[in-house]
Structure formats: structure tokens, C-alpha cells
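Each chain gets a letter, A, B, C and D, in the order it is written, and its residues are counted from 1.
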Amino acid sequence: MLSFESDYTEGAHEKILEKLLETNREQLPGYGKDIYCQNAKEKIQALCHCENGEIAFLAGGTQTNATVIAALLHCSEGVIAASTGHISLHEAGAIESSGHKVLEIPGHCGKIKSKELRDFLQTFWSDQNRDHMVYPGMVYLSHPTEYGTLYGAKELQEISTLCRQYKIPLYLDGARLGYGLTAENTDVTLPLLASLCDVFYIGGTKVGALCGEAVVFTKNNMPKHFTNIVKQHGALLAKGRLLGIQFDCLFTDNLYFEISAHGNRMAKKLKEVFLKYGFSFYLESPTNQQFIILNNHQLEKLKKHVSFSFWERLKEQETVVRFATSWATKEEDIQALDSLLSTIL
Amino acid sequence: MLSFESDYTEGAHEKILEKLLETNREQLPGYGKDIYCQNAKEKIQALCHCENGEIAFLAGGTQTNATVIAALLHCSEGVIAASTGHISLHEAGAIESSGHKVLEIPGHCGKIKSKELRDFLQTFWSDQNRDHMVYPGMVYLSHPTEYGTLYGAKELQEISTLCRQYKIPLYLDGARLGYGLTAENTDVTLPLLASLCDVFYIGGTKVGALCGEAVVFTKNNMPKHFTNIVKQHGALLAKGRLLGIQFDCLFTDNLYFEISAHGNRMAKKLKEVFLKYGFSFYLESPTNQQFIILNNHQLEKLKKHVSFSFWERLKEQETVVRFATSWATKEEDIQALDSLLSTIL
Amino acid sequence: MLSFESDYTEGAHEKILEKLLETNREQLPGYGKDIYCQNAKEKIQALCHCENGEIAFLAGGTQTNATVIAALLHCSEGVIAASTGHISLHEAGAIESSGHKVLEIPGHCGKIKSKELRDFLQTFWSDQNRDHMVYPGMVYLSHPTEYGTLYGAKELQEISTLCRQYKIPLYLDGARLGYGLTAENTDVTLPLLASLCDVFYIGGTKVGALCGEAVVFTKNNMPKHFTNIVKQHGALLAKGRLLGIQFDCLFTDNLYFEISAHGNRMAKKLKEVFLKYGFSFYLESPTNQQFIILNNHQLEKLKKHVSFSFWERLKEQETVVRFATSWATKEEDIQALDSLLSTIL
Amino acid sequence: MLSFESDYTEGAHEKILEKLLETNREQLPGYGKDIYCQNAKEKIQALCHCENGEIAFLAGGTQTNATVIAALLHCSEGVIAASTGHISLHEAGAIESSGHKVLEIPGHCGKIKSKELRDFLQTFWSDQNRDHMVYPGMVYLSHPTEYGTLYGAKELQEISTLCRQYKIPLYLDGARLGYGLTAENTDVTLPLLASLCDVFYIGGTKVGALCGEAVVFTKNNMPKHFTNIVKQHGALLAKGRLLGIQFDCLFTDNLYFEISAHGNRMAKKLKEVFLKYGFSFYLESPTNQQFIILNNHQLEKLKKHVSFSFWERLKEQETVVRFATSWATKEEDIQALDSLLSTIL
């Protein structure tokens, strides 16, 4: 069956698998001390224009968020996030499980507004009872957001400025960063992120890797004993090579950006198909996740022929669903969707 | 350089990589709901003679231990382990980080003694202040232990009986289980483990997989919401296929057992080589980890030509080192070691 | 200076201090095993019409909430509360510090609505991704709320019914329960609470005790090893007599209810004074906390002569403040306030 | 019945109760911001010759240990303690519950040896796998120990020097500090503790208070947001006056030291009585806890007439029991014990 269910339904880009096979019998030290991890780090430093950037590779997004946030927060602190943020909603309480509150502020199509962030911080710091409250110790953004939307450079600049003013780190979750960096008209680049964020991660799992996320501490601010903290969170792979080789490969010959751009192109075509048949979109997404409004009739018919994700009920008769493209989506898939829509509607 | 540093210095058995490549473009559901995870589960159930066994795949050993232990313990409880156990010493406090104490009892070449376990439990339950103490809520064993040693069926039976008497689960960490199950003269089998343990895991990372451990709950006792707990611990891979495919492959055509037996054979040859040159062993290990006593002179000479692990200082002049073989060790490696020893000593 | 700052500005009701003095040299067992704790428990059981009620005494509200919630929740679960609830806002992240998320739903003058609770639970249980979310494992109410408001019996009944339907406990935080139970026109009684809640606590600190809260598990549902959990949370006083004697005293000769009713009477008079001078109230509170809207001019003038609590900024020119009466408020205090208002306005 | 069960079987020194009564109706700010807390802090600063000492009052020992340790440790760190330390054995896992391991080293009559501490630290820091281990982040001592024994100034000096060398704080649990400071021949004083420790607490609960411990940060090193951390641990009393008034009273006119010295004098007399009848002591304790070896016959006879604490079984026929005196022990109690022993033996 045709599937636009997510960007993690296939394995890995074939170049990655080939590299794994090619290097398979090399004897390498464990726990991320191998040459491929080193190579990947240097490539990321260069791409970020951040030669002192400190980089660590972890296996998945939730463990990365939990580890980084626990490592950076003081025990009196929580992390500010959009109420729709991944750490707020869909990480099974991993942040709280490490002892920290997620301080939710409104999400607007997945994004927080710097004005509301400022208000939150001002209100907190002027509250005489703040010793009875959770100190805001960090700001968490996802980019692209869980709704596929993107911050602009100016928005990030404003948020970053606020973080510096309040002396708290800015952390950006880039689980789908490739799709964000290669979106049309975006003015956000890796060097910009490295300059505005204190730490961010470059997602691999959803951008062509089997697994793996690359955390970048940009300000000489990797917390002390960070490898230990990664280990404590169960996030230190014995065969760290698995992550190093993948990221080394993704950042060779522009692969990461090419396959991300491909995912976005497929999303644009998918969008055009839906528009052609008169569908409405829940919001405007420039990346690989598209949110389409279906009425009950359409929902029932479509789900027999194509798989996608249920997102949320909008009204009694309408549902928001997500169609995701990826590095692995083929032109034929889009054409098949077009044919399908022309047939069943 | 020749390396006997660990059993995780190479990638994965080539059959696994081939299978990953072969299935790469199949569109599969995420988070362990794919057909390969299902196949692997059924094969494990059959091998364990445990058709109701509930199985989950996680990426690494520390995260498996932390997740299983947190999921099974009540908030008033800790886990009993040998003082040399992996959870006691080498998991960076992952168990305590989940809020639970590791209740250490003596390790004897890595093993606990049922008599000392009984004493510990009896003393605890007869202590009138036990409400001020940590309740023993589980017993943790590693098999093979961190010293390569093995429990016999009778020893496991005694420990299991004690656990049932005190109504606490028995958990066995099988990070290197393959080497244990295929050791010469062992009377411990998968069905025996399934019958004596409440939960155990079959290690993949150190037995030919890129990563991955298979947790088996044997008594219809998988904790409620276990997938959620795995997610909360950052241990739920989006591309669960990576684990399913590997274990499916490892449990096809006896691969897991063949490559483990190979590792043990190589260890036996390695042992013979060292014995030939008059070296002493710190203890008798029937599996792939061998602990050799080197004097300072030998240590200095050897480490220039072959890599291995420093284990512990024995006396001023003597050090225990670990040589590990694995599924990937080649006959030539053993021969090279023999030549080396004949040359440098 | 005249003070209506809180209900914990004085020490304890004198009968309590006398009883402490009278019993001072009795040699009593520690940790809550003394006869006064036993007496107090029996009196509470009788008042609740709950002869099997299991009761424990803790020193303060935050520790009580953290201990009870941690003891009752599974590691996959969080606690539903109003976004204005004490555990959501003013306990410094104590709940998250134990590893559990506070699942916030809207507060309406401090109260949650059963309709919104039902929607939350239905939405959660129909979400296919719920294994990636925090399971709702408990409902937390405060009564009186942080805004002095009260649930009616029918509202509590609806919430309790929902909790039973979803098989999660209902927990009621009664830090100021005395003022709630003796409010005019309330139809909520101790036996009703014992029947509808799975656990609740009767507040002492704010109702005439030096410190102390009495937790009542009403359904034979005290978690196993509860004393141990209390100890683990640092909430087990060595001299448990301090709590037992106070509650024994508070529940002798109706003292708890009399002094609470006095606090409410003083609040009513205070309200009349403010109304006489034309002030508006932020909301209608039938208990000892009154929320008054002051413009900036009034605020500046008043705070020179009387102390009260700043609550929240309403608009540029208006602020909500809290005046609290208590068991210790004297008629003269109200008269002094009246004089003050007549003078300075 | 005659009781030497513990030092918390009575209420509080009468001067404390009188002071509570005398100040009862004063309206004071909550949460430790009252004048009595302030007065008590100044008195403690003066006694410690530590005018910049930062002081906080908590209600009990376990909560104090858990709060201070969690506040000072980094998430990668654990606390070194004697295996017989209170935090190791008798706080129901409170330290682990905050996510930190207790790193146990041998206890010798309750004390750690600086030599063994040095070895532990050296071994850790020379271990190449230390990133997989728990970093030693603090040293915990109790003084008097759980066995009533005391460190000498020289021993404390050596331990303190090691802590500074390894840049980790030294924390001393003074639950029974009064008895330690007033023991015969001790050379440890409050100013010495303030100079050698980074933080310590002066116990109130077991030295004449109803409850309460005074934490002293001696090096301008109170962790940021400490009040918040205390609140998060449920250890911030609303009526902080309860603690302030008690410590103010204890440190007025030398009361704390006088009543402690009395407890020690009673212990000395108790010891003489036991010696007179030929009993052996398990160890030599200069403070208010005495550990006596009883054979089974003596144990059975004695426990019918006097209450004491069972400590540990020594051999089949012998048991160690604890007799504790306190500020509240009366000369007549010792005489009654003498008569009893003369009668029943």
C-alpha cells in the first residue's frame, strides 16, 4: 500500500549501508572514540563555522533531548517549550522522569513567540514567590516544528537575545533539521544556528540514517562529564562507529542536504496534488510534513488505499491528517497518489 | 595493530548487513511494530520454549537494565546485585538515576552465592527498622558475568527458588549470553533461563549485531505500559526494524549460536597460547573473556603490539588484563598472538 | 502592622501548645507509633465514617503531595491537575522531581470542570500515540482551591465517577480543608470526601497547628511500604508525637471545626468591610481567602498600613491581592481594617 | 517502663516550649523569613566563628541529607560514605531517590579512614573507564557516627585536605552534634567544623528540639536557589518560626551545649553501671549512644523491664543492643537501671 505515514518508514540511504559494509571488519575503539566519529565531528564543525563546537552522537531524539536537558539544567530549573513541543507531548514524560518540569507556553503552529517568551520570563522574575516555582533554565525549540513550520532568522535572533539576557541556554531540537535547512526561502543556516543556539542537534533518524542524532555544543559549553551523562541515560552505544560512519557519510558530498531537499521537493509536489483536488491545509508548511484537512467521507475512503498519520480531530466532521515525504519518497509515489485521488473522489 | 580489546570492535555479522540492505526500501511501521520484530519474537519464543514470552527490543545494555529495573521495581525497592555487577559499577549510576538503590552483595569471580543472598534477604526481613531501609525488590545476575564466568543450572535454580520464596523477580543480564549458552560443559539453556528467570535479555551488541538487546518477560509479567516506559527511557528506536531485522537474522539458521561458539573456540585457543608461554590466569573463564596476569615488564612489552583491556592492579608488580575474543576473531589473530609472544618474551 | 498576609502567620492554637507541654516528658515511641497518633487516627476514622481508613501524618503540604502522588503513580503515569493547582505552580517542581508530569487542564477560579476532565481522558485514550504520552494516572483537586473556592458535592461526585470509570485514584489536597468544611452552604462533609476520594489530606498547618497534615487513604488502598516511602521523601518525623498530639487535640471537642468556622466568619466580616468601601472582588470565595481588586493608588496606600499578598496583575492599573483570615484572626483586626479604610481612602 | 530506646522519646526542652507559647501570637512571615530564624542564624554564625556562614533550617535529618546532597552534586556524581552511614543504610533510599549513588567505603566503628578514602579517590581517577562510573562528588561523614564514635580534629583535617585536593565538598551530618561537641576529650569544635567542612548540620531533633536541623554552608557556597530546592524536597515549613524559635532558644545561654553535656554525663553513668555488672561493650563510645553485648539470657530478661534498641546479632548467642541517653535522661533513670540489673541478674 502507498504510504506517507512518516519519514522513518524506510531503512537508510544506500550510501550509508554501503559504508557500513565497507568498514565492517575494521577494528575500532568503542563508545564514540573511533575515527569515523572524529571525521564526522570535523565535518560538522566546518559546516557550522564553529571550529570549537563540541559534538556527541546519540541514537535517538528522545534520549538526546532527555540527556541534553538533564545535563544543562540545575536541579531547581525546568525547560520552557511550546505546549505542542515534542518534549511536552510525545516523549512519554522523559524530561519529568529526569526530574525537570516542562514549562509550557503557547504553541502557534508549533512555534513559540518571542513576545510571549519575554512575558513569561518577566512575569517569573517579578514574582515574589518564585522560590516556590520552577526556575526557567532553558528554552527548547523544535525546527522544523512538529507541524513542519520554520522559524525565521529574525525570530531565532529575538529568542536567542532573550535567552542571553536571562542567562539561560537556547536548545534547538533538529530531529528533521535537514528538511528545515533546505526549505525554500528559509534564511536559517547551520552557521546561524551555531551562532544563536547554545546547543542543537542535527537529526539523522528522520533524514536518511538508521538511527542517530548529532548534538552540537556551540559555545565551549559541553557540560562536564558529558560522556558519563550520556552513559547514565543509556544513550552511549558500545559500537559508536554505527553513528560516526552514518554522520560521516551524510556530511560527505553534501548528501544530507541533497536528500533533505529531495524530501521537500516531494512535499511540494504532494501539496500541489492535494491542492489540485481542492483540499485545504491546516497550516502552511514549507517542509516535508503536510497537514491536510479531510472530512469524514474522504478520511474513510483514503485510508483504505494510502497510509498516513491521524493528527487531530478538528470538528465533528473534519480531521487533520499528516502526510510525510522524506529522502526516500519517489516521484512515482506522488503520481500514484494523484491517480488515487482522481479515482476515489 | 592486533586487537583483543573487546567484543564490540567490529561492525556486525555480514549476514545482518546483507539483510539490512535487502530489506532497506520496504516501508515498515516504526517503533517495533514491523514484521521483522514480530518474526524475531516468534523465533525467540520458540527457542525459549516459552510461547507466551513477551519480548521487546532495545538498543543497548545499560538502557535495557535501567528500563527493565525501573519498570519492575516499586518506588520503595532496590535491586540486589554483585558488587562487581555491571549495574553496580559500570553504568554511570543509571539505576540510581531512575531512583533505585543497587543493594550490593559480594561478588565471587563475578557471581553471587545463593547462601549469601539468602542471608541478605533473611537479615533484611528480620530487621525491625526495615521501613527505614531499601526493600530488596529484585535480583540481578549477569551471565556470563563481567569476569566471563558462568552459573550452573543448580546455582540458578537455588537463586530462582529464593526469589520465588521472597516474591521478587529474578532478572538476568545476558549482554554476552551467546558465549554463555555455547560454552563447553554448561548446563544452562534458553528454556532453562525462561523457566527460572522472570525476565532476561539476550545480548546482540556483543554477539554480532550493530546494536540491540532482546528482553524476554517469561511469566506473562511484562509491566503495564512497557512500551511507554521504554520510550520514557529514550530506548524506543523510531526505526525499530533495525533491531527486528538483526535479531530475526541472528535467530535464523542457528547463526547466533554458531558465531558465539566460534568466539568461545577462539578464546580456548587464545588461552592455550598464553598457557604455552607460562602465563597465569586470574580466574577460570569458559567464555570469550580471558583474564591474564601480567607483570609490569610483560605489560609494557605487550601493549606496544597488541591492544587489550586493563582490568585491575593486583599487586605492585602485577596487573590483570582482559583479552576478549568474539564472533569476529579470526584464526590468524590467534596465530599472530602466538608469534608475537614467541618473539617478544 | 495589621496583617492579613496568610493563615500561617501565627503559631498554633493554644490548646495544642498546652497539650504539647502537658505530654512533654512522656516517653513515646518514635516515627508515628505513639498513642497520640493512634488516638488521632481513630478520631479521624470516626469523623470520616470510614473505620478502615488508613491514616498517616506528615509535616507539610508539599511533602504530602509529593509523597502521596509518587506512592500512587506508576512510572508511566502523571497526575491531572488544574493549571492553577498548587502542585502545578507553587511546589517548586516537587512532583516532577519525583519523575512525574503534572498534566494540566484549565482551572476555573481554581476548579477543574468534570466535562473538561472527561474530554481530556477520552482524547487521551483514543489517541493512537498514547504510548508516547504520559498516562493520566490520578486526578488532583484542591479544596478549598488556591482561590478559596469550593466544589459542590455534585461536582465531586461527577469527578469521582470519572475517576472510577477510568480506574484512576482521586486525590484531594485539603491544606485548608477546615475552612472548606465549615463554609456557609457547603454540602461537602468528611464522610462524603471519604466516600468519593481514594485519598485526601486534612490540613493542619493552615488550620491552627504548628505543622502537620493528615493523609487519609479511604479504600484500603494505602500503597505497600508507605512508611518507607514517607521516610524516603524525608517526611517521617522522628518525634511523630508532634503530629499525633496536634491532630488528637484538633479533633477533640470539635476544635478543628470551631476554629475553621471562626476563620470563615472573620472572612465574611472582612468582605463586608471591603464591600462597604466599594471594592470589587476578583471572584466569589466562601472561605478564608478573599481576592480583592485594587487600583494602583489603593495598592500603594494600603500596603503602607496593612500586609497582604500580591496575587496577580489584572490590567495595567489593577492588581488582585489576597487577604487571608484564619483561626487566629481577631474581631479587632477587622475593626482596625475598617478604620484604616475609612481613613486612608 | 524504663526506657533508653532513643534520644527522641521525649518532646522538647521546656524552655523551647515556653518560648513557643510566649511568641505564639506574634504575626511573623512564613518560610523562614521571620526574626527568630534570623536571630538563630546570627547566633550560629557567631558560635562557628563564621560570619559569612549561610544557614537554613529544615525539619528532619533525612530530608536535610537528601536536600543538601542533591543540591551540591552534579548529575554525574555520587556521595562517598561509610557503608554503615545513615544515608547508606537507614534513609530508605532517599539519596538514590534523588538520582545519586551512595559510594560506600568501609566503616570502622562508623568512621571512614582517610587512607581508604584516598585509595578510593586515586583508584577512581586513574581508572580509564571512569566515564562509565559514578564520579565521587562529595564526602559524607556523620559525627557522632551511628555508633556514637567521634572523629578527632586530625582525622577531620586529613579528610578535609583530601576533599580540597580532589575539589569535592565535605559534608558532615551532625544529627547528634551536641553530644559530639561536648564529649570528654574531644578536640572538635564548631569553628573547627566550619573551617574544615563545606557544609554541615547541627541537629536539633535529637538534642532537645521537637524537630529541626540547622544546615551551615561555611564557604559562601550555598547552592543557587537553595530555598527552592528545599521547597522541592518538601522540606520548607510554612511556619518556619517553629524552627527559628527552637534554634534561637537552643543557642541562648548555652542551652544546646548544657543539655548535650548532660546527655553525655548520663551515658557515662550508664556505662559505669553496666561495667559494674560485668557487661562488655561492642565498641568504645564517648557520646550518648552505648552499645552493649548481651547474651540471649540477658537479652530476654532485660527486655521485659527496660526498652532499648536491638542493633545487630553478633554470634548465635550474642546480640549488640543500643542504650541511648539524652538531654532528657534523669539521674533516677540510671539508678533504676542499676537496681534493675542488681535484681534480675
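Here, a contact is a pair of C-beta atoms (placed from the backbone, for glycine too) under 8 Å apart; a residue touches a chain by one contact, two chains touch by 3 or more.
Quantities reported herein were computed from a predicted structural model and do not represent experimental measurements.
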Least step count from subunit A to subunit D, where 1 means the two chains touch: 1
Type of subunit A:subunit B copy interface by residue overlap (half), same or different: same
Between subunit A and subunit C, centroid-to-centroid distance (C-alpha), Å: 42
Inter-chain centre distance, subunit C versus subunit D - centres from mean C-alpha coordinates, in Å: 33
Two or more partner chains touched - positions in subunit B: 75-76, 91-93, 97-99, 131-133, 228-229, 231-232
Contact footprint of subunit C on subunit A as seen in their complex: 75-76, 78, 89-93, 96-102, 104, 128-129, 131-134, 310
Of all residues in subunit B, those that touch subunit A in their complex: 3, 5-6, 8-12, 14, 17, 20-21, 23-30, 59-67, 91-94, 97-98, 205-206, 210-211, 228-229, 231-239, 241-242, 328
Subunit A-touching residues of subunit D, taken from the complex the two chains share: 31, 70-71, 74-77, 98-99, 130-133, 135, 224-225, 227-229, 231-232
